[in-house]
Amino acid sequence: MPKGEIRTVCKIDFDKPADQQTCLHNRWHPDIPFAGTIKDGETVKIECIDWTGGQIKNDDCADDIKNIDLTKPHYLSGPFEIEGAQPGDILLVEIMDVQPFPDRPWGFTGIFDRRNGGGFLDEIYPSAAKAIWDFEGIYATSRHIPHVKFAGLIHPGILGCAPSAELLATWNKREGELIAANRLDRDVALPPQPINVHAGSADGELKAKIGREGARTIPGRPEHGGNCDIKNLSRGSKVYLPVHVPGAKFSVGDLHFSQGDGEISFCGAIEMAGIITINFKVIKDGMAKMGLKSPIYIPGPVEPQFGPGRYIYFEGFSVDEHGKQHYMDVTTAYRQTTLRCIEYLRRFGYDDYQSYLLLSCAPVQGHVAGIVDIPNACTTLGLPMDIFDFDISPAAAAALGEKGTGLDMGRCAFESGKTEGVVDREAGKNSEFSFGGGLTYKQ
Amino acid sequence: MPKGEIRTVCKIDFDKPADQQTCLHNRWHPDIPFAGTIKDGETVKIECIDWTGGQIKNDDCADDIKNIDLTKPHYLSGPFEIEGAQPGDILLVEIMDVQPFPDRPWGFTGIFDRRNGGGFLDEIYPSAAKAIWDFEGIYATSRHIPHVKFAGLIHPGILGCAPSAELLATWNKREGELIAANRLDRDVALPPQPINVHAGSADGELKAKIGREGARTIPGRPEHGGNCDIKNLSRGSKVYLPVHVPGAKFSVGDLHFSQGDGEISFCGAIEMAGIITINFKVIKDGMAKMGLKSPIYIPGPVEPQFGPGRYIYFEGFSVDEHGKQHYMDVTTAYRQTTLRCIEYLRRFGYDDYQSYLLLSCAPVQGHVAGIVDIPNACTTLGLPMDIFDFDISPAAAAALGEKGTGLDMGRCAFESGKTEGVVDREAGKNSEFSFGGGLTYKQ
Amino acid sequence: MPKGEIRTVCKIDFDKPADQQTCLHNRWHPDIPFAGTIKDGETVKIECIDWTGGQIKNDDCADDIKNIDLTKPHYLSGPFEIEGAQPGDILLVEIMDVQPFPDRPWGFTGIFDRRNGGGFLDEIYPSAAKAIWDFEGIYATSRHIPHVKFAGLIHPGILGCAPSAELLATWNKREGELIAANRLDRDVALPPQPINVHAGSADGELKAKIGREGARTIPGRPEHGGNCDIKNLSRGSKVYLPVHVPGAKFSVGDLHFSQGDGEISFCGAIEMAGIITINFKVIKDGMAKMGLKSPIYIPGPVEPQFGPGRYIYFEGFSVDEHGKQHYMDVTTAYRQTTLRCIEYLRRFGYDDYQSYLLLSCAPVQGHVAGIVDIPNACTTLGLPMDIFDFDISPAAAAALGEKGTGLDMGRCAFESGKTEGVVDREAGKNSEFSFGGGLTYKQ
Amino acid sequence: MPKGEIRTVCKIDFDKPADQQTCLHNRWHPDIPFAGTIKDGETVKIECIDWTGGQIKNDDCADDIKNIDLTKPHYLSGPFEIEGAQPGDILLVEIMDVQPFPDRPWGFTGIFDRRNGGGFLDEIYPSAAKAIWDFEGIYATSRHIPHVKFAGLIHPGILGCAPSAELLATWNKREGELIAANRLDRDVALPPQPINVHAGSADGELKAKIGREGARTIPGRPEHGGNCDIKNLSRGSKVYLPVHVPGAKFSVGDLHFSQGDGEISFCGAIEMAGIITINFKVIKDGMAKMGLKSPIYIPGPVEPQFGPGRYIYFEGFSVDEHGKQHYMDVTTAYRQTTLRCIEYLRRFGYDDYQSYLLLSCAPVQGHVAGIVDIPNACTTLGLPMDIFDFDISPAAAAALGEKGTGLDMGRCAFESGKTEGVVDREAGKNSEFSFGGGLTYKQ
């Protein structure tokens, strides 16, 4: 009894706007109509558009990044009915494969303008920038970040089941309180946004309701996962997802050819359109049986492997770039860790914006190291040396003389007319992001 | 020309108090006298006492943990003069080996009392607790956490060079400002502490000065590393350390047989006395040549390896155990991640305190996953399934019926007269540390 | 400057016989006309038919295996002209990807009848048998070998450049001498075979000449590689191939979804049609510069990884199944090693033919262990435990009682009308392939 | 209840000849008296002398290798009584650790003279040679093979339980038949050797009997393992050994700091004296329950790991160095594979004898690749690039000009008065071990 070809449950039409395709949607809401039905135990292919819905072009100018309309993303494929799934069940999602479309072998990494999206280091790097990546089989390279090639740790940035009405209300309340209390000069969360709502096949009042209530797809959330952006949730992974509504209403999207831990530039993975192949199984009453409040997962077996001795690990602590001591703040520590790496890469000729893009999308390892030694949290970031086609080891760094590597590192894409991004040295004060006032020893 | 036996530059006398041994010290200060001299290029053995200086006993009662004197630790071996090292150089430290003493094949993991030390989860688990670990070659087991065995990812929790007077002043100012601004009902940093100062061979006014000014060893600090508690800085690792004073004044200690990312219970690694073998090389003018503001390192090649598919990864987000939404707070996210794992292990019969201890010291992988999707940071924690001698897979969890595993999980050590620790359910509100108000579905 | 879609240089037409497709051929000969041209530095896709040219069906009967026409295989795609390549150069072949055709998600593993092809264990297992494998993304499963699933270590069994006329003459002489000296009751090599020659677009006298002289594709050969069947030459691998004729005349085929070390049943990999993506680079004068007499390669980074502790290793020595001592014979040792594994798997309910098929195609590790301790060579075979969905560990084996696993292991496909294969216990004498006369201890 | 220090059951006295130490022996025989008793479940330390019993010196002359007395080795520690073990049981041996003696941090690798011991490549390299290795923690380096450093994959070359009288008779008959039939101009097996017998505490007639009947320790044998020389049987490994006599009579020795697959130069590992820590468990009736005819093992978790892309793999086929075609001969194929690697290393300045020594002891991976494509078996040998402190990649090889690497590679130790070894170019005919008559292309 030969098995046949695997069924495709969602087809993307690249000649049509994303918001006219009924198997896509861009909000989390229990009332978005099913986009299709999948059997318990079935394996299907699901086509996905890139998270922006096609706003970004394969060119050498970052205007599209700078002017992106962030009321639209993410466009997700679904929601799908998984036969038999009921609230309280666990949906076991096994990712059998993720691939780009054969005729669209490219993706993009972007740094958003600080005033439109921003990112983890936007106080220091406020400009928009972009790198285009070309795919050849398992490998990606970029004309905007030369001398780098790496195998994709390909994965979906988003997967999850729809919230129940009760859970959605919890989300809106919880995030609304944060917004209400906000004293920062930046958005801290995104409330429901009726503009540019795409609710699949819903229209009229139902669509309007979804717009008023529907949760944005930007953050991941503990009760269902969603936009968790876990780089290792790649081919072969098994994810255990809580089910909150009858039929599960599973959605997936935001495919990444590769991502580094943190996805620091926000549009930071190698974002792409592609095809994900998934097997679905329902574990009846799994939430109670397994005691899960958030998703868990088991990685697949085919991650790129470099050997531990092929990483350079950078260390960062919760003292910020102004020399200010924070209390056990892992976020601050990780920011410092990424800055240490950007500084290191400078001596090989990379521009800071190139490195910021690279750390966002290359398979860098971000670890919590020490989290109890007051007042300093410590984190580490592992940069694989083998993604570069020249030697970036500490020994090579120490041996570099005045002449540097002699390699042409080109530049990434900036907004029209610009050939470099702004570095806000005041924000990254004390020259070169140093802390503690410029320790420089002369002998 | 045969090489001879490797020289030992610091010998521990276990019959003498730690503060009477002149090759030990417990503060960071540039004026602590050299405890010995090591040549550029030399490999030496350095004996180290456990970080508490011998306060903890190999028994089944946690009174020693509860009543620990935290003005004393860490006792470090050194400071050693590295010949030729000058401020601005980088000291390349290659860790050739770390071993426990053959006649002291044991270590301890402790949870400090919330009022004396505390830890990452002390609001929920305020009691003192302890687990003793026995070493047989590469493996550790504990009578206090049965059915677990793992190979040590053995490493020093602390290594670094002494600060200059200028750098020490920066530290004291920076941390003093945090202390001055503190509104929390807990210590946020530890100022210099003249009590129980041990300054090596220094005494009299010099010792008093070191007590007044010397930085505590508890936190790691960006400019020199120190107590970074990086679990992968194990056998074979190369660390690049900034030098701030003539001769480097290198110190090392706080040896760990094993540790999990975060070392969450504070006394959380498997703490031990032992012997570290190190090769030292000086990279002249390395700070400028390599552009290092914080240490970097390259891991060694002999880390225990399980295969990616042998980890269960737990996900956590920056919504706390009271259901409150935090803004991009990785610390909160990692706390939730650890709680998800503790909840999971309950169904196999482990007490929360056992799991808290286990996550502190077993080689769990703590990753920053997504750090840009406002308002939720997402972190993951990977628990290796193969350290258990029974099946803890999600499939096993789902299949467990009323009877559980049938295994006797014993208990960890608590203070005298107690057989269990306190769980503050009010702190971990909404019962069982849930967020969002008890999502429970019945069918 | 966006890169476009990757060019496909050879398209397979599944509606046409293999020997009517001019971009295929089935002999090695310098005069086979070019099937296309590829630039130095170019990446192309090359479609390949399965090695038998479509003789094997996706069904449950092994008649096709039993009656296979072995004068036909292998059908290779090519030969391609690599622009600029000259004799003495090295062709650097980087395997960017290998994939099955999306609409043909299956492959086969066969055991040939001893009288038509045979295999490594044909004296003991002389019957034809077959297993069909279904592909879902990175994973393969088989209805003929239940309870097994594994990620493919996908690779080409054959790649190489055409021999020069001189080299071809050397091959024919060398193998002809072996055939002439043969005293065994079996073929020891295959001379040129004019029947069923397919020489690409050549016909008439040229085709006849190729038939008379052309080397068979069955063996790999040291000077060019060819059918080396190296399982780890998978995605991301770089192979350095000697060039013997102008334009290189590169051919590739015999795609395998997976294979075990040794490919022991001959048709032993998971054989499939598929698409290989390759980047080509010419290293001028590389043979002299690099001193290569045979190909070398560097594996890619995405091999499935299980962790060393997730393999059971079987040991075998050069004492054969009749108890006869051989002198340093690795071939005999490896045969014993595979038999030890087959015996082990019996207790979990697998039939010997199923295990023989499984060891041929699953990613088992075959190592030379000791090769100098006269008279016994020792080899090992590592079986990954995680490809089974039940516990096959030694602890599980020891715990199995009379009832066994209780799992239904089904059966593989045999010739029509047969439900099991022959086991020649006389050939595998002393029953159960034992050596040394039945060591059985009763207590 | 603290556990105490681990008991040592065999102490080596380096001031006394090996054959005067009653816990050592150098033959396999069921009547060698017990050297000590170990409980079922106990972990003990066992000290071991190097396999030659101390014949090799830490100096720069290979006379000791050339003149070694091979009637003496191996000196094994034991045999130990394992309480409760009976014929038919399986002894589960878990290797908790292997370490050199702290005050003897060195080992040796030797190439035996062709007329006294020989080795895998002795027809081409007939001279005696030696390299001394110095240990610093996990790493070994050699003054005789500069610019190489690697972490030890430390293991015992020999472990096993004594044969029963019946099994011993089988061995002697089986190997005696091979000797009787020998037509080669070299030893093919070693019969019992009454000279230099060391039978532990046995003397008089018992010792004489053991000398007449006792099996030599050189070969491993399928029924008990013995000298299997499996490099990955390192720290953390579990070995399942058949028991043939009451009390098991377990012996262990031939400790290796490191070894490559094949241990090709015979005295090819880094041979050392040291201490092995083992846990013993008896599996009652295990041979029948588990169906084991030869040992099986599960590797430990702490093997050095380089990443697959950090190996260069050499390919070899069963065409010998005289251009002669052999039939499916893996032994020949592996010999060619090692020669390809030696040739490759020449261009970096290593002498063939240095490379022969290096391939014997460094952690090279020897794989059976294809074993069914008549007439050519194919094997591969993976050389880890990261054990060299300079770049040996194919790219580096291709880029090397006339000047080479510029590094001083020194030389290994030869017999007194000699500074180089003989290369028998007639044996490795057709110049430089080529096959097929000197394929050299000029353009």
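Assorted remarks:
A, B, C and D are the chain letters, set down in written order, and residue numbers restart from 1 in every chain.
In this text, a contact is a pair of C-beta atoms (placed from the backbone, for glycine too) under 8 Å apart; a residue touches a chain by one contact, two chains touch by 3 or more.
Chains and their UniProt names: A, B, C, D = Formamidase-like protein.
These figures come from a predicted structure and were not determined experimentally.
Among the pairs A-D and A-B, the greater number of C-beta contacts is found at A-B. Among the other chains, the CA centroid farthest from that of subunit C (Formamidase-like protein) is the one of B. Centre-to-centre spacing of subunit A (Formamidase-like protein) and subunit D (Formamidase-like protein) amounts to 50 Å, using the average Cα coordinate of each chain. Rounded to whole angstrom, the centroid-to-centroid distance between subunit A (Formamidase-like protein) and subunit B (Formamidase-like protein), based on C-alpha atoms, equals 30 Å.
In subunit A (Formamidase-like protein), the residues that touch at least two other chains are 236, 300-301, 303, 305-309, 386.
In terms of which chains touch, the assembly is arranged so that all chains touch all other chains. Residues of subunit D (Formamidase-like protein) touching subunit B (Formamidase-like protein) in their complex: 1-3, 5-6, 43, 58-60, 95-97, 102-103, 105-106, 132, 134, 136-139, 143, 151, 235-236, 277, 279, 300-306, 386.
Residues of subunit C (Formamidase-like protein) that touch subunit B (Formamidase-like protein) in their complex: 305-310, 386, 391. Against subunit A (Formamidase-like protein), the residues of subunit B (Formamidase-like protein) that register as touching in their complex are 86-90, 119-120, 166-167, 170-171, 174-175, 177-178, 182, 184, 187-190, 218-223, 225, 227-232, 236, 238, 240, 242-244, 261-266, 268, 283-301, 303, 307-309, 311-317, 319, 323-331, 334, 336, 340, 343-344, 346-347, 365-380, 382, 393-394, 397-398, 400, 434-437, 439-443.
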